[in-house]
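The first chain written gets the first letter, and so on, giving A, B, C and D; residue counts start at 1 in each chain.
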Amino acid sequence: MSGAAYELDGVDLSVDLAGMSLPNPIMTASGCAANGPELHRFFDVAEIGAFVTKSVKATPQSGRGTPRMAETPSGMLNSIGLQGPGIDAFVSHDLPWLASVGARVLVSIAGVEAAEFAHVAQVLATCPDRSAIVGLEVNISCPNVANRGLVFACDPASSAEVLSGVRAVVPADLPLFAKLSPDVTDLVPIARAALDAGADGLTMINTILGMAIDLDRMRPHLFGVTGGLSGPAIRPVAVRAIWQVTAAMRAGTIPTAPIIGVGGVRCGADALELIAAGASGVQVGTATFHDPRAPRTVLTELAALLAERGISRLGDLVGAAHG
Amino acid sequence: MSGAAYELDGVDLSVDLAGMSLPNPIMTASGCAANGPELHRFFDVAEIGAFVTKSVKATPQSGRGTPRMAETPSGMLNSIGLQGPGIDAFVSHDLPWLASVGARVLVSIAGVEAAEFAHVAQVLATCPDRSAIVGLEVNISCPNVANRGLVFACDPASSAEVLSGVRAVVPADLPLFAKLSPDVTDLVPIARAALDAGADGLTMINTILGMAIDLDRMRPHLFGVTGGLSGPAIRPVAVRAIWQVTAAMRAGTIPTAPIIGVGGVRCGADALELIAAGASGVQVGTATFHDPRAPRTVLTELAALLAERGISRLGDLVGAAHG
Amino acid sequence: MSTGDHHPVVAVEADVLGNEPVGAYRRLTLAVPGVAATARPGQFAALTVGGETSGLLLRRSFSIHRVAAGSDPAGDRLEIVVADAGPGTHWLTQRTPGDRVGVLAPLGNGFSLPAAPGECVLIGGGYGSAPLPWLAEHLRAMGSRVHMILGAATRDRLFGAAEAGAVADSVHVVTVDGSAGAVGLVTDPLRQLLRDNNIGAVYACGPMGMLRAVGELAIEAGAVAQVAVEEAMACGVGVCMTCVLPIRGHDGATRMTRTCLDGPVFDARALRWEAAADGRVAVPDDAVGAPSAPVGRSGR
Amino acid sequence: MSTGDHHPVVAVEADVLGNEPVGAYRRLTLAVPGVAATARPGQFAALTVGGETSGLLLRRSFSIHRVAAGSDPAGDRLEIVVADAGPGTHWLTQRTPGDRVGVLAPLGNGFSLPAAPGECVLIGGGYGSAPLPWLAEHLRAMGSRVHMILGAATRDRLFGAAEAGAVADSVHVVTVDGSAGAVGLVTDPLRQLLRDNNIGAVYACGPMGMLRAVGELAIEAGAVAQVAVEEAMACGVGVCMTCVLPIRGHDGATRMTRTCLDGPVFDARALRWEAAADGRVAVPDDAVGAPSAPVGRSGR
């Protein structure tokens, strides 16, 4: 876990995200990379900036029935239901493997109430492989049982409640990223609430709520009825979300904090688009399903693009499109 | 303008949308078909259920500078800025042409404040070619000068203000459709506000706010910075929006009213998907740019699909996926 | 999933070497360097569809029909059998030599061969027969006696009938409409074979309903049944969790298990068939981590 | 736009008949029944890209290089010249006979021919030269004297130099790097031609900066200049309003005017060049319906 400058094609790609020093900005996206070994067959997961794990909850989760996915034009819908091993199995099984290969781990955490998030975070903050963890990504884009199953990130107060609960139980030097949902009328108040409550940075965007209908059965295609839309189809929404929140930071409307961009990135130019809009980190999600080498390829392409343009430091391009 | 049953492949495709009797459910989408003559080179615009015009405002509008569009994966961004002739030229030039070819016209109206919508509606309600107008589509997904340029449809109160203003000046037998934006945390309260204020039905969805960055200039690609995302990429969001609002109507949460579906339709199966989710009318927008014959082709394909399934009345499938 | 058993997967932009019609299907031959050493019958390949400008994001999965070793690994070939079922497979059926297609292979586990030679039945429904000739060769090479049952709705939907005679000791063809072989389902000859012979193992590949029926007959007759399932897959490599089925583990607990990584071949006894209906599979109430109550909105 | 002048447009899935290299470009020949009777030089065609599974939704526009009448209209052919500039054009450059591509043609207006024969200059930059040979033939057929200036950055980016001699009375080739013809810009020979001859009309097609410079020189010299512009187009048929430029009308008022319908050829005097900079075009303050104040959010 090196904080030193990392060069590819003569470009310094290193980034510092609220104290999270990474050799480069490229990450997997939560839920699009499982927890490591599967992708490690295709590239060394320690080579990308950080490995983001599937959102983990307090207990094992079966997830939903199938079908869990539907392909859509340049995208897909998913309704997995946060299937996972639960935090205890995660720290005893998954995290040690990631630590063993030298990955920098951004652990994504989830819950159905603020207390569950806090419990999961606390286990992580005190686990044996704590040193492999570079930060926590708080997936507030998941359903809040107390609020009719609406996602926490739909509402500033619920978002703040989760973040402050987590902040209270983890050390100040463990960076917290709040992962926001684009399915809101105005992102800025949600971003403000999360930052004010203790988030050190923001991850944007989670999937957009969508749906497909099976015309043979004349019923919803997904077992879970609605699902999250992801992939290149939604990249313009990710760019807009990052742009809006960055603009609010530059205008002084909300505190300045690093943004991790995610949504539809499949090549180096896509990553650069999110960076130019204001992201200092970039996650590669659904593109990994098209090609499991995608996160690594995006890194190579990004470095080449910067080299081509004579840019020697990635940091110089963060938010560059704002002028 | 016939209210009689209209058959294609032995299927009765006629629909009654809040008093708007149409031979079939297929329409152009506002802003994707200009005002008639251009498409009439490719098919008879009187053959589709209704022709939806470009949103018209009180005065001529230049629209924005260029670039006004960016292609995105399976979609596009546009930022036209409601370029148009203004309501007086519309009723003296555009509407007479549409009337002359026998089109059933759903006139889309826009404004920067409620009073502008009402003025435009009043001119239409009393114009010489009133009989060609089957209804008004109130485009509340456009910027409200009084509210920092946020679109009216972001907020129940602004939506209601526009609808009740229009309702007050047009006869009760002129159907009003409120066109909603998907860029909100919860569509149902907006739908309720529009219906309570006098809308007879809803059109869903307008474009999703997005953005692209020109990596050569390192600036926003569109002259207008952000733009509306449309095309097949957003169809899953349209299906979900129609589904959610239909579900709320079926649950009795909001009044029952017809829905016109729009978003990403490019073939008969796509139209059927929106119908199964709850739409009784379907608009074809961006697909028209791929092929100017698209609205007419969708109609043919939809009829063939129903015939294949042995469905004799389109009405039987509206909302069918709700079970 | 145990992390230890991850075998190497070849990821390549493969040259299309051949594309021939076989009944209603197309057999595609692809240049996949290094695939011959590791691939086993029952494994699958995941192919990109639509080319560089494609709006179809996800790979399509196909059973490996066979692999052929080149004079060196760079010359290895992989064959699949493609039914034109929708836009992605349609595009694949149109590929000609000179075109390129992204290929990941081999994926998943394959059929396990028995510890000792014995008598077995291989059953394929439609293109589900694709891996059977190659599997039969493996079984015969170790001394097993191989019966093969090939079924389909109609004659043109049969696959492998022509080459079956050369690789199997007995061949039984059935079609629903009687356009080839006997009128009926694959379970008809299977019932007979299980009764008249000492069948130790049954291997099957085809639609879910067929697999279930085959599995039940085999288990009833005291045979081991290995079935290759076909669940919609977004990634094919174990990272998305879309392809799961409820599988009973050695510990007796049911888990939603990735069919791309821990399948597509499963012991029929491990499958919770009753959870499946109408193309959908529910989470059994006793599955590990099953929700106590349904959730209203998608947790992603 | 007046509704009266809408000419018929052919909409067809066209067979690709040929695809040959011409310098850095490809010349595509397409079967477009009925196109020969109506198409005129300066009009364009809009092609779908990426095939049936394409994620590229919008058509790409290309000047019509020529049309050739078949023995009956069903045998008509249309030729375009394609620069490999991005994913859509790249896909087109890969098409081979047997492939099909959606074509709409002819679109837009073409160059107007002068009322009486005269002396004229045709100027093309890069693939902008594509429509010039055909235009030259029309002009010579009516008795005009044709000078042709072909410019490009480098030799391989020149188009039409080989056939220019056969269709023009004088040919002037310039490249920025001097790899073919004289070192320089198209404005160098144009200045000379305008000085030494009695040029009544200038026809130009190429990048915006070139069109502006050419237009200014021509107008200064008292000649009429018709320029074919190239704005990003979503539909090509007048329904989306994306392709506009500020154009001064006969009434003196400037309107944001669709270049796909009322262009792509305009009188250089009508264009509000000063609104364009850096690939962007602003709405002039005096344009009809210009906003009094900028709006913060997209009104769609």
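The criterion applied here is as follows: contacts are C-beta pairs under 8 Å (C-beta built on N, C-alpha and C of every residue); 3 or more make two chains touch, one makes a residue touch a chain.
For each chain, UniProt lists the protein as follows: A, B = Dihydroorotate dehydrogenase; C, D = Dihydroorotate dehydrogenase electron transfer subunit.
What you see is a predicted model, and the numbers here were worked out from it, not measured in a lab.
Between the contact lists of chain B and chain C, the overlap consists of A, D. Comparing the chain pairs A-C and A-D, the larger number of C-beta pairs in contact belongs to A-C.
One simple way to say how far apart two chains are is to compare their mean CA positions; for chain C and chain D this gives 54 Å. Each chain gets a centre from the mean of its Cα atoms; for chain A and chain B, those two points are 35 Å apart. Each chain gets one centre point, the mean of its Cα atoms, and the points for chain A and chain D are 46 Å apart.
In chain C, the residues that touch at least two other chains are 55-56.
Counting partners per residue, chain B has 73-75, 150, 209, 226-227, 231-232 as the residues that reach two or more other chains.
Judged by the touch criterion defined above, the protein chains are all mutually in contact, each touching every other.
Of all residues in chain D, only 1, 3, 6, 8-9, 11, 48, 55-59, 102, 104, 231-232, 234-245, 255-256, 261, 275, 278-283, 287-291, 295-300 touch chain B in the complex they form. The touching residues of chain B, when paired with chain D in their complex, are 31-34, 37-42, 54, 59-69, 71, 73-76, 78-84, 86, 97, 110, 141-143, 148-151, 206-207, 209, 214, 217, 223-228, 231-232, 286, 288-293.
Interface residues of chain A, counted against chain D in their complex, comprise 73-74, 232.
Considering their complex, residues 55 of chain C touch chain B. Those residues of chain C lying in contact with chain D across their complex are 49-56, 87-88, 90-91.
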